[in-house]
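Comments concern the structure below.
Note that the chains are named A, B, C and D in the order they appear, and that numbering of residues resets to 1 at the start of each chain.
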Amino acid sequence: MRTIDLNADLGEGYGPWGMGDDAAMLALVSSANVACGGHASDPETMARTLKLAKAHGVVTGAHPSYPDKEGFGRRRMVCTPAEITHFVAAQVGALVAIGALVGQEIAYVKPHGMLANVAAEEAEVAEAIVNAVAAVLPGRGILAISGTVLAQVAAARGVPVYREVFADRGYTAAGTLVPRSQPGAMLHGEAAVRRLLGFLESGAMPVVGGGTVALAVDSVCIHGDSPESVALARAVKAGFAATGVAVAAFAA
Amino acid sequence: MRTIDLNADLGEGYGPWGMGDDAAMLALVSSANVACGGHASDPETMARTLKLAKAHGVVTGAHPSYPDKEGFGRRRMVCTPAEITHFVAAQVGALVAIGALVGQEIAYVKPHGMLANVAAEEAEVAEAIVNAVAAVLPGRGILAISGTVLAQVAAARGVPVYREVFADRGYTAAGTLVPRSQPGAMLHGEAAVRRLLGFLESGAMPVVGGGTVALAVDSVCIHGDSPESVALARAVKAGFAATGVAVAAFAA
Amino acid sequence: MRTIDLNADLGEGYGPWGMGDDAAMLALVSSANVACGGHASDPETMARTLKLAKAHGVVTGAHPSYPDKEGFGRRRMVCTPAEITHFVAAQVGALVAIGALVGQEIAYVKPHGMLANVAAEEAEVAEAIVNAVAAVLPGRGILAISGTVLAQVAAARGVPVYREVFADRGYTAAGTLVPRSQPGAMLHGEAAVRRLLGFLESGAMPVVGGGTVALAVDSVCIHGDSPESVALARAVKAGFAATGVAVAAFAA
Amino acid sequence: MRTIDLNADLGEGYGPWGMGDDAAMLALVSSANVACGGHASDPETMARTLKLAKAHGVVTGAHPSYPDKEGFGRRRMVCTPAEITHFVAAQVGALVAIGALVGQEIAYVKPHGMLANVAAEEAEVAEAIVNAVAAVLPGRGILAISGTVLAQVAAARGVPVYREVFADRGYTAAGTLVPRSQPGAMLHGEAAVRRLLGFLESGAMPVVGGGTVALAVDSVCIHGDSPESVALARAVKAGFAATGVAVAAFAA
């Protein structure tokens, strides 16, 4: 039986504010990328999220970001590589400590938002992140967008890499994501599920405009903060059940 | 030869702002309590401070605080014990992670400012701190004001306790600090040094108003952020040299 | 025709996070207390909220708070009166400036959460708030809980006072709110509406345990951040329509 | 007698942290650009700084910045023009309110650091700032680097513009500042004073590499946060006294 990981970004509230439906998503995914104070979260929210993930038996990773809550980590900040290494380490370290308190391990790191976008293309930023992960979570890996510079840099450093594809994003012939501002950027409902099942069967990802691109895959990302997330995750899992794919964490 | 630890609060800058003369103090003390994002510091400042401490061969501990930079951790915040456990864990975890990056261990925890004052008297708050330390730094200890509830709670939990006295603060017959608003709260220069040397010889701390109180001691605190700090630390070390006391970290 | 103001706390999102249904509430109330960066909000959220209030023809006031987003302004902070005056002034000033940009006046000030609770009882804190309002919004008034020290202090200083009662909170014989931890603290649905209509008719507020207390009233508060808020506001307005009460802003 | 304004960036502490020697600088300058919570400052620091400026009879302007204390406003942030208008308005509004409390007017606006650099070159950002100033401080002007896009945009909008030159920075033939990373970027001591006196006499600013460039000037900036600032300000004032130049605020 083919197995695949299903991941989502969770724990993205802050103080009194919530985001998305973490409990519903934790019932569906095998890995949760948990915000750790960069784009979202605070010690209370981290503790609550890790406890909830533990109760659902979901594997948890750290989801560090440019330190920018007002911009939710989606704005580029001009930082030196050393600054990036330091803030990634501090965020991951905070989550690891809260995990030690509640008895939940932090099993991998996945960069968030703009930090992930930049690390997908710029080796200096990718190295800054890999340096932090290698020091703070030795032996643990990075969940990276399949085919990116970050995936290459981590592999070259001997840091385990898990490759993710997105259930709801269009791909280019180069294997990169179609920018959100362009046609075909987003897939919805059954179309997204059908494409995903075909891709998992064949390893060939359909491309916007025709053709396919080969992508390595260890995990499928369902965005956690969109209103459609829970519905899409449910449809994906139903598709998996119908085609004999089991959901299992890559870092179990 | 009698040995004693000398500790100071360091790394208390934030972003572009500095505080005190860390390099001068690190040349004098054996243990540095390093701010970790509560009352002061940020990932850059933590990294710079830990590197500097490492270069001086000084043992470093985490110095967590109520999360209140504008008040420098000197204002009481109304928090539940769980909230205190979580923010202490997150702050200590961030510093541990930066320490992993620069190759410097975090060997103990000393609460800062108002958090230390409240933990000195309230068992619930002391337990909240001890819970965080036991989970995040298992086997490591707490540097607590000698004779306080925090020292008792940690000992009862089997967490190592190191007891500190203050070189420049007046004591009451109960072994507590004279509040800063009252006469005799502060000692200066030679008077502070003479009192300290006598106390280390006898174990009996002179009390404001006359008499002495017995205090256990593993470390002497020189406040790091006062303009007099460096001068006092130098005078204390000169006094130690003259009386055959060696400075050595309790957590070496 | 009797008229009364209906107010709600709005604009309480922060960065990417929303709270409550501002558009629905703005269709129902006559005055909106707009968060201004203390317990919630940021320049973007302030601008969006003031534009929305303007589009609905709703009068807006500033809703300053202890500066504590993680605690949503519900935790007491130990501040000097001067500190309170300064942070209230800075928060109100920020909202006034955004109002100047979007063409919406800030017509009054209502303290939020714990700051309102403390100002209801302590003259020093009430004076600190009144000092800020008198300097920053000369000629404008304060929306205060009916019968509180804040209402008295403002009146004594010649600052206009508008008195509010809560549609959904139980009252004691002293005219104060029943603490949320005690029985009778909250009223719901039709019971809340019936009590309110009777009170507006008679000026006598029913008391938990029996009897009534006379309360002056210029405005009725519907909490903006509870899931029941919109339903309660609609029920109150239906009750007003049935009994011939018109909703009109006190500061129109 | 020729008169010229002398300005400095002041009030750049935050919470417990200070920066520079505000009292010494306020004894020397005619205009103080006061930080207002973007790159530095908080309500307490604003109040203290405005009171000190008032006591020295120094005219005060607001000194808004990208909201980035850890980077001291020196890092570019990706913001929309609307976001810039909103945060500039909120920062200026906060300072205006504190000024109303302490009886000190905010007479102009000077953008700080990276925000000033970007506004010097990009019309969209310059317009975003001008929009905020025109709404929040109608009739008041902008202190802009002489010859920049910001100066042009403000003038085109009918907002008063005051042009500043830097006493300690090298100029290019285009009238722009030599980047800090290049030779000739900084002038010191007597060389800076001699160049400035010659320029004020002739209107022709010597250029790095030879020749001069004509620059309009209403104010001379002495950076407030450098250790040399007070010494340079004193030398400049001595040079003014010797050559018959009086110091007077442009916005008196």
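General remarks:
Quick note on the criterion: a residue touches a chain if its C-beta (ideal position, glycine included) is under 8 Å from a C-beta of that chain, and two chains touch if they have at least 3 such contacts.
None of the values given here were measured: they were computed from a predicted structure.
Annotation: the chain A:chain B pair of sequence copies touches via predominantly the same residues, more than half of the used numbers being shared.
The angle of the rotation carrying chain B onto chain D, fitted on C-alpha atoms and rounded to the nearest 5, is 180°. With centres defined as mean CA coordinates, chain B is found 40 Å away from chain A. Between the Cα centres of chain A and chain D there is a gap of 44 Å.
Shared contact sites, meaning residues of chain B that touch two or more other chains, fall at 44, 70-71.
Contacts between chains leave no pair untouched here, as each chain touches all the others. Within the complex formed with chain D, the residues of chain A that make contact are 67, 70, 75-79. Chain C meets chain A in the complex at residues 13-19, 40, 42, 44, 69-72. Contacts from chain B toward chain A in the complex involve residues 37, 43-44, 46-47, 82-83, 85-87, 89-98, 100-101, 131-132, 135-136.
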